[in-house]
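The same subunit A turns up in both complexes below, where it pairs with subunit B and then with subunit C.
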Partner chain A sequence: MLQVLISRALQLILVVLGISTLLFLLIRISGDPALAIAGSDSTSADIDRIRESLGLNRSGIEQYLSFLANLATLNFGDSYIYLQPSMPLILEALPNTLYLSFVAFLLAMAVAIPAGIFAAVKRKEFSGKFIMSMSMLGQSIPPFVIGIFLILVFSVWLKLLPSFGNEEFLSIVMPAIALSAVLMARHTRLVRTYFIEELSRGYVRTGKSLGFTNTRIRFKHILRNISVPMLSLIGIDLGKFVGGAVIIEAVFAWPGIGSLMVNAVKSRDYPLLEAGVFTVAVMVVLVNLIVDLLYQFVDPRLRAKVN
Partner chain B sequence: MAKFVTFSKKLLGVTVSCALAFSLVGAFSTSATAATTAVAGAKCVNLSEQEYVNNTVLICKGTKTGPKKWTKHFTAGTGGDVTIGIGSLPATLEAFAASAPPRSFIVGAIYSALTRVELSTGTPIIKPNVADSWSQEKGIPENWIFNIIQGKKFPNGELVDAAAVKASLEWVRDPKNNAGLRAKINDIRRVDVVSPYQVRIVTYAPRDLLPRVLGTIPILPPVAFAAQGATTFWKAPIATGPFIATKFTPNVELVLEPNPFSLRVTPAAKKVTFKVIPEDSSRMSGLRSGGLDVVNKVPTDDLAPLKSANFAIQAITEPATYHMSLMAKTGPLANKSVRQALNYAVDKQLLITGVNGGYGSVAQAQLVPSNLTGFCKDIKAFPYDLKKANELMAAAGYTTASKLNLTFQTSTAYITNDVLMAQAIAQMLEKLDAVDKVTVEVLEFSKFLDVYYLRGAIPRKDLFAWRMSSSPDLDAGVQMERYTSGYSTHNIGFANAQYDKYMEDALSLKLGSPARTAAFCGAGKILKDEAPILWGIHTPDIWAGKKSTQRFFVDPGGNIDLVGIGN
Partner chain C sequence: MSKTSISTLLLGSKLASKLPTGSRKKRFLQAGPISIAFLSIAAFISFTANFWVPQDPGYQDLFFRLVPPMTDGETTSYWLGSDQLGRDVFSRLIHGGKISFAVGLATATFAMLIGGFLGLIAAYFRGWQEAIILRVVDIQTAFPFLIVAIAIVSIVGSGVVTIIVTLVVWLWTPFARLAHAKSLSVKESEFYRAAISSGRSGFGLVFQHIVPNIVGSMMVVWTFVVAQTIIAESSMSYLGLGVPLSTPTWGSMLSEGRNYLETAWWIATFPAIAILLTVLSVNVFGDWLSDRLDPQTKDI
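Up next, the complex of A and B:
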């Protein structure tokens, strides 16, 4: 187990270094932040002064070396726009993104697993087909459209839920539904497919012949068997979740790192962008590490292999 | 269990908030009745006028044609809470960065300057603030004496005095501080403390507009500012404006509450909250769902539904001119007649009615709006005249056979309705016999700026949309200087020696003087004749609010009245 952890930690360092370097190059070739900061009515002298104050007049190599040194100490420098250290800004917004992602993920799983099992068991009946149609619909509609639709119905028409911010208890409801919709739909389909595959396996027949109840076979044996491939997909999808959260945060004015990063991109705020992407990369790698560790927990064969 | 307890607490919170909201409604009804009490005093003329007397907001009431009188608005602090949804807000509470919206929402609310520029009537009126009075020294027009309000303190106990004024102005003037407002007071030679409550400000040349300019430079407590340093100070500013910032989360919200140390007035509302909601549709939904009382930057598509849902609309014409720089260096637009033809071919009124929902105004063929010093009454807009445009094109040798292809570079989401306006103008230009196609090239803002400054790989093309903003405390010189041949960033190859001479003369003359305005007129006439610009419109800035929100008013400078607003 320790070996796995060390290997994963090394991978994490490499991945973060790779992503950070790529990001360093990409955002620098995209344009000059001094222009965005100076604004439209500034003179060339103003722009040169800003470039100098930000250290952007140094060579690319010098900037990269200083970037690496800062990366090692997690000091990404002060945000150009907020005039504050970047990392604390990201860490301040991170809990909001994690809260939204976590609730949306729980919601997606809480609906997708039972709905997928139900659709598999009732696959020839109307109810099973209806669930599949709904999941197809959920996958086809972009999350921001779902968000706008929810706002229109529940905020503008019914005035039941707040349409922006995160201050009220019910503020989470619509962003979480909108963010979870695609994941919910996708995993409903996946659970159904895996479940149907497992239903034709020998151990299901054996269980039946031994007189096990359907509930025991479905929830104790089949669910455990499909949890391994499901876990891999969940790991991948959680990474995508942050991308989806950026848009949903914008629609619902949810103060997470998504909206912070959109602003950073618009204003070419390198330090903030680097701190944000670094944090997201670490999160994605950590989620995958947790998923890897969970494999050992749910699959005894893998546990035995490691031991 | 813990979750259940948290949920219960939140539920209790919601219940208590509802109860509080109801009590506020009750309080409002009482104050609304009290507001009808008439106050004797000076006459008011314009219904949008507002005055501060003895810490009370007075507003001008009456009918458009009937008698008007000053009437007490809300008793201070009884105007309930107001939540304003805003597209963007600066990321810091900095005082010296800029003086235009949205920075001015913060600066005007939190800080006090020497004077206060009242724009509600359209014409700037300079009123006392940190300074009680001011005058030019007799016979020395470069010297201004400002008498400072006496007996007032900053919240940290420091006196509001001449030393504070000197320290603040000196800090802004110091180039090493990189203050955005420095350019506005570049012509101040020195600031002398004459007595504890009197300063003398000496300019390099006579400057009549100085009291107006000083209405944009906040005065701060010098000891605290020096001790904390600017960056720390901006996090929790100590100032004497009508509000204090009780909560500020960049990019999320700013909460303002009445400042007990306000120099002149206590706001009507108990709390004003700015919520940053960059997404237009989300902001409009916030208003329609009742979560927001007022929103800014209303897209023109939303105007009709908001009006039919009985929301109040406040539309002002921004002190900014939407125009297109024409590539005078190369290509067909190097010919003056072609540039004039393009000006005749664009129906500016249609840009207002067709694209901007009827809001905005046609720009005359000059770069500043009519209320700015230096505007020339003699220079009129090119009328829409397609026949004349075709004649000019033919005279320049361009006919139907020419099949001209032009490229129009525009920003997106920078200027109000920029892409829509570019498309509309392109269609109008395609009506010219000689023009086959006008391609609209939409550039993301940072790329757009790269093109403007010629810093990227994309060159300037035939037409380049730009928005020239004007500051009410300066004059037309700032805008017109950009078309002198030595100006580094206009980048369109326009050069005219006579224009340069007029501008050189104008900029050396006293600001606000008739001679300076006359020189601007001379230069402006050349600019219109040479037409390196396709003049468009003064863009609108549209706000919407609940009808129940009292004193929802936006002045012509684009600033919402935060002191008077209440629910």
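Up next, the complex of A and C:
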């Protein structure tokens, strides 16, 4: 257990360091940030002053070292557009992103697991094939397109749901549906595939011969067995999920870190962008750590190995 | 690896796909050929758009702003309506397909070549090469790379080449993982050992005995990556981080249409349908291909 924690912590540091360094290099290579801040109608004295205040007149190595020192203290500098420290801005928006991701994830799983089992049990009937077609469709629509269609139908035509922001209780509905669609579709297919595979296993036959009900075999025994491979795929997908959240937030003007980062990108607000990417990296590694810990919980064999 | 898959590996994917698999029904109309035919026609229409599209996609006619589909204008008929600047949605839609198809095909192909190469290296040498490559694959797979891609494009500047390079850096990992796993199972096989004992080594060994046996599975993943790329490109264009706005793309048309949903539904709806049909066809084709070339690999 301790070993897993330590190796994960090392990985976290490596990933965050790698990505931050990449951003640092790209930003320095692509041009002078001072020019971007000063704008087009500034004098060269202004630009020199900004350069000095950002420490851009020092050597590359000096800049990188102070960048690393700032990284360690989570100080990414002031956002160019909001003129406030960037990290608190990101942290302020983070709960909204977590809320949206959490609801969308629960929604996706709540639909995908029963739908996948149903599609596996009824795989030769029309209803099972219909679910598979729907999941194929769900995987083929970009999330932001689903978002736009939802707005068109439920906000513009039916005037039922708010189309942007997070002001009302029902604001979460459309962003959550749009964000969950891909995960829902993909995991319906995966649950079905794993479920069908398990149906031919010996323990299923044993259960049947012992007179267990289908419900008991399906939901107690098979579900438990497929939860281990499912869990590792969920860990991988959660990372992509965060990427999808950025776009969905932009579509619905959801006040999370995705909207902040897209604005930061558009106005070349590099401190805010760096803080955002850093936060996402930490979040993803933490999620993977949680998944790793859940493994031990779900699969008794792993617990035995560690102890 | 089950017994059937070993026999597939022994025979090579080309031969194995011709063997009767029993459960597969012979049907006249199959989803795979239909979808690939649709895609070929759509790609051909898009790439030859310059020759026959009714109007220049950038031409603005401010007297015919936001006109609904099937309106006759001065210079042309707006079959799919016009946008907020009086540009023909139909012409822009066809031109927009160029970017989607070009980025999708180029990205998936380069990613396959690079990822496949690295996967082969990892499996052939084992050792530290394998450790490094697989570690990078693991880390990158778990990370929401779209965010990094967005950051890179915003810093380096938008453009077709930037997008393709960035997406290749993102999407080489599934190919590397697959090439590595499949090559390892080839290395277990009898014919591979026989080849080694008859004195083959190096490039000849890899290209004659490993590569032909992993090409089928790689093609299946290639189609799914094409679909993923088209979605990623349209997402980036939607955010305004794709190709420059002067070039019409489905994603940028959607983002312009987002602001006119209440008054002009047609601006956003048609590019949305275009993306849906294209990606759906690619996925259906990939599914069909995977049933034929690579029945062992699950859709992961």
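Here, the second predicted complex is superposed on the first by the 277 of 307 C-alpha atoms of A that agree within 3 Å, B and C clash if a C-alpha of one lies under 4 Å from a C-alpha of the other, contacts with A are read in each partner's own complex, and residues count from 1 in each chain.
Quick note on the criterion: contacts are C-beta pairs under 8 Å (C-beta built on N, C-alpha and C of every residue); 3 or more make two chains touch, one makes a residue touch a chain.
Quantities reported herein were computed from a predicted structural model and do not represent experimental measurements.
Of the two partner chains, subunit B is the only one that A:Phe164 touches; subunit C does not reach it. Contacts of A:Ile148 after superposition: both subunit B and subunit C are touched. In the superposition on chain A, A:Leu10 makes contact with neither subunit B nor subunit C. When the two complexes are overlaid on their common chain A, residue A:Ala253 makes contact with subunit B while staying clear of subunit C. In the superposition on chain A, contact is made by A:Val156 with both subunit B and subunit C.
Once the two complexes are laid over each other on the shared chain, residue contacts for A:Leu293 go to neither subunit B nor subunit C.
In the superposition on chain A, contact of A:Val284 is made with subunit C only, not with subunit B.
Among subunit B and subunit C, the chain that touches a larger number of residues in subunit A is C. With both structures placed on the common chain, the touch criterion links A:Arg268 to subunit B and to subunit C.
Within subunit A, the residues touched by subunit B in the first complex and by subunit C in the second are 30, 148, 151-152, 156, 250-251, 262, 266, 268.
Across the interface of their complex, subunit B is touched by residues 30-32, 35-36, 40-41, 43-44, 47, 49, 53, 79, 81-84, 89, 148, 151-152, 155-156, 159, 162-165, 168-169, 250-253, 255, 259-260, 262-263, 266, 268 of subunit A.
Those residues of subunit B whose C-beta lies close enough to touch subunit A in the complex are 7, 10-11, 13-14, 85, 91-92, 94, 178, 231, 234, 249-253, 275-279, 281-283, 285-286, 288-292, 414, 445-447, 449-450, 452-453, 455-456, 466-467, 469, 488-489.
By the touch rule above, subunit A contacts subunit C in their complex via residues 11, 14-15, 19, 22-23, 26-27, 30, 136-137, 139-145, 148-149, 151-152, 156, 189-190, 193, 233, 235-236, 239-244, 246-247, 250-251, 261-262, 265-266, 268, 270, 273, 276-277, 280-281, 284-285, 288.
Every residue of subunit C that touches subunit A in the complex is listed here, in rising order: 139, 141-148, 150-152, 154-157, 227, 231, 234-235, 238-241, 254, 257-258, 261-262, 265, 268-269, 272, 275-276, 279-280, 282-284, 287, 298-300.
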